[in-house]
């Protein structure tokens, strides 16, 4: 069967035959979550090579600007999504905004979960320096993070879910840039350390702050 | 609202809270001269005016005030922090640097995430229920397919008490200034006492808070103290109620 | 404007312009219900004549056999639906019996209900140290737990149902295993509910800023 990639067709039970890319398109339309090549292959009884060819064909048909929809590769699978150009009309029709934006506290908490998952709330708080409670509650409610069991000390752990990848346009967590890229250069770090050290010594050796007479 | 924009009108300073912090860090305002309690009172006034408590800003405020208090207590205890600061300046610098890097990393990562989300603005996904005949047979669960032991285990995990959390890295006030004030006033009834006596057997935080309380007594003109030599004993005694603090200072 | 039907475009707020049929396609894709020409016209700020032209164009693109989806007119509106040829694949994908596994949060919540029933949601939350709301919703939906009246304070109480017993192969609730063998602190004498609540509160207190005195 694999020699005939371009003609891969799916036999329906009732004898109707459809090109594989049509069937893949229909499945992507029906599914709420992105579908992986493996899932598509299982459902269509095709092999992954054939699925790849069908997806390529669809990607061409749904290339930006050609239709009102786009084929996206997100959260480890393929999915159909609207072209942003239709957003104003969608907002008028559904009167529900897509995702409201994140507050700085929510974004920071989400970043910590995304990079350090699974992670508990006390750990998030330690890194942020302020409570992560209300941010965690909101992120949970919006489905951006989810529970991921408990730590050995009994604290609930959290991780990001499929919705996070979908909404942020990521295929996998590996697509997130390395956090180290935001670190200051070694030279800047050395200067910073030097300054902190001087400040500490000044304070330690600075004598009484003029309180006693 | 962010705590940064809290408007303050103090004797020493008038303007937004974040400017005050900046000036303190640049040492353009002497933290020792700033009554931190006044800042807290200004915030409480603000809360009262608003009529609601925003937990997020409240925590932010508490953290900032705690940091200010810690800084102030270190400044005040400058000469004798051998026993009060268990971190060497080098260690402290490393610790601070590590914390700054961590905070900076994830703040930057948060900025990146916000940009990503903005770039996806207007992308919508279809979230329509499947046609009835295609719905997953979710509850098609096989009889006896689950092990009841799983339930017992889950409950056993919930019975475990969490271990005590080490707080060595955080300074948490477990004693209030009010408590220490009452303690000091009690001692003042005797007329005079040494600082050593006042903090006998107390932990590091209590010592720091006691210094606050002492400072407060001094500000209110209830007590003065003297120290004969550097690192020497500090002796505290009550002032005559008629004397204003300024006169005491001059004397 | 109506003279230029073929060039009808929709201005997005941010200046992106998309051909009307793309926007209509996106709206039909998002909507679960058929959309009337009137609704489409309102959402896109086009007139019905322009909508009719856009729909004609889409009907052609979605003519039977050309894609995996079809444009259908029903109930006084337009809708996108999958081509019947993809039906067998869709059935394979969506109707296969899934090995239903409980998430850690669901297992935990189910255990609490099983051993302490009837029990209210606030109490489950206190024992878990974090909200049990979404786990309760899923367990209810799956028929593993059910409502069992109200507490004296008016909170809804929950208990396990017959499906639960079948799933775990139990005759009665008395057959639930004795927790003692998983008890980390067997020397404690208090009642199970009492101890779970105490542990839960200790965990919740271990949260942000959470400090044991």
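Per-chain numbering from 1; labels A, B and C assigned in written order.
One rule holds for everything that comes next: a contact is a pair of C-beta atoms (placed from the backbone, for glycine too) under 8 Å apart; a residue touches a chain by one contact, two chains touch by 3 or more.
Keep in mind the model is a prediction, meaning the values are calculated, not measured.
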Fill in the blank from the handout: When A-B and B-C are ranked by contacting C-beta pairs, first comes A-B
Handout entry: Most distant chain from chain B, judged by the mean position of its C-alpha atoms
Key = C
Fill in the blank from the handout: Chain centres from averaged Cα atoms put chain A and chain C apart, in whole Å, by 19
Problem - Geometric centre distance via CA averages, chain B-chain A, whole Å - result: 34
Practice task
Would you kindly tell me how far, in whole Å, the mean C-alpha position of chain C lies from that of chain B?
Solution key: 40
Problem - Junction residues of chain C, two or more chains touched - result: 12, 26, 29-31, 90, 94, 128, 199, 203, 206, 208-210
Exercise for the section: Would you please write down the residue numbers of chain B that are in contact with two or more other chains? Expected result: 59, 122, 124, 126, 128, 130, 134, 157-158, 160-162, 165
Problem - Contact set on chain B toward chain C in their complex - result: 59, 122, 124, 126, 128-130, 133-162, 164-165, 167, 172, 174
Problem - Complex interface listing, chain A residues touching chain B - result: 29-30, 32, 70, 72, 79-87, 90, 98-99, 101-102, 104-105, 107-108, 110-112, 114-115, 122, 126-131, 133-135, 150, 153-155, 166-170, 176-177, 179-180, 182-184, 189, 192-193, 196-197, 199-201, 203-204, 206-213
Handout entry: Residue ranges of chain B in contact with chain A within the complex
Key = 32, 55-56, 59-60, 63, 74-76, 78-79, 81, 85, 89-90, 92-94, 96-97, 99-114, 116-128, 130-131, 134, 157-158, 160-163, 165, 169, 215, 225-227, 230, 234
Fill in the blank from the handout: Counting only contacts in the complex, chain C reaches chain A at residues 10-13, 16-18, 21-27, 29-31, 35, 39, 42-45, 67-69, 80, 82-90, 92-94, 103-105, 128-131, 134, 199, 203, 206-210
